[in-house]
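To keep things clear, I will list the structure first and then write my remarks on it.
When the chains are written out, they are named A, B and C in that same order, and each has its own residue count from 1.
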Amino acid sequence: MNADSQPSCPPSTGAEPTAAMTAMPVWIVAVMLTLLFLGGWYFDVYGGWFEANVYGPYHSVADVMRFQPPKGGLDAVLSLGRKLFQENCAVCHMETGIGNPANGCPPLVDSEWVKSPTPTRIAMIISKGLAGPITVNGKPYGTGVMLAVGDSLMGDEKEKAEKIAAIATYVRFQFGKVAVETKPAQVQAVRAGIKDRTSNFSVGDLMKSPE
Amino acid sequence: MLFGGAAVWLVLSCGFGLAASMTFHQPALFADCAVGTYGRVYPAWSHLFVYGFAIPSGLGVGLWLLARLGRVELAKPFLIAVGAKLWHLGVLVGLVAILNGQTSGYEWFELPRYAAVLLFLAFVLMAIWAVVTYSQRRETALYPSQWFVLAALFWFPWIFSTAVLLLQFFPVRGVVQAAVAWWFAGNLLNVWLPLAGLAVTFYLLPKLTARSLQSHYLALFVFWTVLIFGSWTGIPLHAPLPAWMITLSSVATALMIVPALAIGAIVFLTTRGAPVTGGGGPLCYSKFGAAALVLATVIAALAACPAVARVTDFTWFTHGVTALRLYGFFAMTMFAAIYHILPQISGVTVSPQRIKLHFWLAMPGALLLALPLLGGGLAQGLKMMHAEVPFLDATKAAVMGFRLSTVGELLIAFGSLVLLVNIALVVASYYRVVAKTAYAAATMTPKAAEVKS
Amino acid sequence: MKSSSTVFLAAFLALSASWAGFVLVPQLQLGRVDQAKTVPTGDNYPLARAGLAAQGAAVYRSLGCVYCHSQQVGQDGVKVEVVLLDAGTNADNTLAAIRKVSAELGRPETFIGLPKKITEVADMNAADALLKAVSEAGGKIEANVVPTGPDISRGWGRRRTVAQDYVYDAVVQIGTRRAGPDLANVGTRRADPNWQLRHLYAPAAEIPGSTMPPYRFLFQERKLKFGQHSSPDAIPLVTAGKFLDVSKDTGPADREIVPTEQARVLVAYLLSLQADAPLFESPVTPPPAPVVTTNVVVAK
């Protein structure tokens, strides 16, 4: 569609349009300024001021913070501990903690090891596992080997300590009715003392450490 | 070239659009055929309409405007024609790919990357020579339409290349893809199409009514506000994006009322009291087109208010607004331009009856397509707000609107056929005249030679 | 009046501003996000899709499912429900403690029908007093964050979807239209793969009145010879016999419908669509884990 090779180029139909230089109606500018103001107000209230973490209906990060689950506290640790127990321990010890005598898996319910005054031994068992016979509530369990479940949890040393502490808290609360939180610091201290150990504990080793 | 191809694609797109609508009237129609499934036919429609019809016709019109307003001829028409052919090839490749399932998955940008590269190269080729044409102009004072065309020539390569690069070659991660895709679509529909269409409107309205454009400053205002506000539209209310993006986009969409009002003022002031020469001709098309743009923008602005958007998001309402913008504004404005330009460059007149026929098919068609979808979408949305209403009931609320809109699509399809016929006849006559003249020149020379000797 | 350089400058400024705002900043804010941790349990989220589901995502995209189905859940508001689980060993003590915080709640009716929701408060801070009082008195109480909105009431999700949910989507298929229900959580809502397969083959048979087109081309229909068993891949048909194409009245026993590879991976993808995990930016209290049957009631 080029203008070169036309047989008859028609003359342009009249002059090209021009634009009058009359002034603009002011009301349009007024409308625009009003809308800009309203828009600015709307952004201020609802826009979250460029925060990447603020999604409607929340208006600001402080708003989102108001609905976060309570951090810490026994309940949070218990729920984490219960989750980890179900994932890692319930396989052998059963969800109800009654154990599996046929496999040599001792119960946790009312176990004196669970109810001991400090969580030291529990932390040791969870970290490095247990091999060899053990007596729980007067009954012997001899054939099973508990693997070093604690060592094989995901995460770095700090996260492992947190997770083992949560499991210990849950086990002691749920099966031993000990309503005292096991702190990650306690577990870290225990693990620091045993960190070079590569084999499972035996009952003899456990008895050597304080209750 | 550009117009002819555009018309063909328009007709085809109507075909696909109709096929897509059939899904809702008779769901089992394409059950056995992967190519016909709604999820492929619908993107085929949108691909063909936007890349097959809208952009080439906008580009063609822009080229003509630059040449005409600069009082100069097009630079290197051969290269521009090559660019046009390359573009159409890209569209065809994209269509085949979409029907085969190689779609990119982003709305308004469904073509796979090999087709996108073709389109980009073609556009840049044509844009470069358009700018060269502009720089060779003899008339140095700039008319508003030229600003719009130049801005459009600059706009498309940027948004398109961003979309191609960030979505297809080096995909961004996660929801940023959606942000980029919505940014692209918003810029394409709310900036590029108005830029190209308003260039035509601001040229044709004063030209065909023999008045001057009222006013230069209003046009300048429209230019700036469309660029600044329109480029921030596109993100829907419920998007999984941080609140700031959604709020900015809503505010921008609401602010588009301002250019809409200004456009309305320009149209009203320019054509007020002018003797109507229209009667179904290009003037009617462009007036209707401008009115449709104003209406669509105002409706979209109102729908940006969260109270309304909560109801209309995810319904046919948004599609209705887009249809009003595409078919009501852009297509009609392009038709106006085509019917104005074709006789001037080819020397062949198009029969006014056929132009009128097309108008009276396309105009009610566009209204029938868009408005029932708005109403049906609203009904659907109101029902969806209440969780106790079963989902199917909400969908069924839109059925009546949908049936009406399919009738509108049929009308538009027929109108597009008329357009195709018109263009074909013009091209045929043009080449017949060229052939005749060449033949006459060839047969004349020997006679002259005989006479001389 | 304007020269071309002014036009160019105007266009450049406007477009670069919006490019910076909607392309650059989101990329900086959200584009390098990887896995996040849920609150409070600290699980990694999201998990990358398994192999079949990843292939299914490509099928979903190529069939254009996104033009009818969205994958985002909206949320209009949020509330905090306080649920009393157990009165504890000393119910009178607990009641007195509650009465100190709220006279209205400190009535004996509060303890009827436990566990139950006793009140709604504005946020977690407002629930603190009650939580503390009851816990110290020995009872069990919890405060649940419950998002509200039409999508959530319809069961399409428990909380709104946020950027973190789409981090591992190769092509994000968020969708902008709902000719069909939202699919963000369809993996939890319709977890039966056979239901999904049957629904793809004949939507109107699973959901009466559905306008979704049947995707028969994703399946192969094979005639069964007399007495031949159906292959293990075939979709188990519903015994009511009305499952198949309602226009054809042949019984189900003489043909079997075997999904193609495409259908299988598509269903795997659909089943992987879940967006419920509690996140910082979209808090929700997840439903309680399965109840542990011991003699001690443990707070969730």
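As a convention for this text, contacts are C-beta pairs under 8 Å (C-beta built on N, C-alpha and C of every residue); 3 or more make two chains touch, one makes a residue touch a chain.
Owing to the predicted nature of the structure, the values given are computational and were not obtained by experimental measurement.
Colleague: Ranked by contacting C-beta pairs, which pair of chains comes out on top?
Modeller: Ranked by C-beta contact count, first place goes to B-C.
Colleague: Which one of the chains is farthest from subunit C, going by Cα centres?
Modeller: B
Colleague: Any idea which chain sits dead centre by C-alpha averages?
Modeller: Centroid comparison flags C as closest.
Colleague: If you average the CA atoms of subunit A and of subunit C, how many Å lie between those two points?
Modeller: Spacing between the chain centres: roughly 19 Å.
Colleague: In whole angstrom, what separates the CA-based centres of subunit A and subunit B?
Modeller: Here subunit A and subunit B have centroids separated by 50 Å.
Colleague: Centre to centre, by mean C-alpha position, how many angstrom separate subunit B and subunit C?
Modeller: 38
Colleague: For subunit A, what residues touch not just one other chain but two or more?
Modeller: Correct list: 50, 52-56, 58.
Colleague: Residue numbers in subunit B touching 2 or more other chains?
Modeller: Touching at least two other chains: 216, 240-242, 248.
Colleague: Listing for subunit C: what residues touch at least two other chains?
Modeller: In subunit C, 29-30, 76, 160, 162-163 touch at least two other chains.
Colleague: Note which residues of subunit A are touching subunit C in the complex, please.
Modeller: 50, 52-58, 64, 66-71, 74-76, 78-80, 82-83, 86, 95-97, 109, 170, 173-175, 177
Colleague: Please name which positions on subunit C make contact with subunit B in the complex.
Modeller: Those in contact with subunit B are residues 1-4, 7-8, 10-12, 14-15, 17-19, 21-23, 26-27, 29-33, 61-68, 70, 72, 74, 76, 150, 153-154, 160-174, 176-179, 181, 203-204, 207, 209-217.
Colleague: Across the complex, what residues on subunit B touch subunit C?
Modeller: Per the stated touch rule, the residues are 23-24, 27-34, 37-40, 42-43, 101-107, 134-135, 141-142, 146-147, 150-151, 154-155, 158-159, 162, 166, 171-180, 182-183, 187, 216, 220, 223-224, 227-228, 231-232, 234-242, 245, 248-249, 310, 313-316, 318-319, 384-387, 391-392, 395-396.
Colleague: Considering the complex alone, what residue numbers of subunit B touch subunit A?
Modeller: So the residues of subunit B touching subunit A come out as 1-3, 60, 67-69, 71, 73-74, 77-78, 81, 139, 143-144, 203, 206-207, 210, 212-219, 221, 225, 240-244, 246-248, 250-251, 254-255, 257-258, 261-262, 265, 306, 343-347, 433-434, 436-437.
Colleague: Looking at the complex, which residues from subunit A come into contact with subunit B?
Modeller: Subunit A reaches subunit B through residues 1-10, 12-14, 16-25, 28-29, 31-32, 35-36, 39-40, 42-43, 46-56, 58-59.
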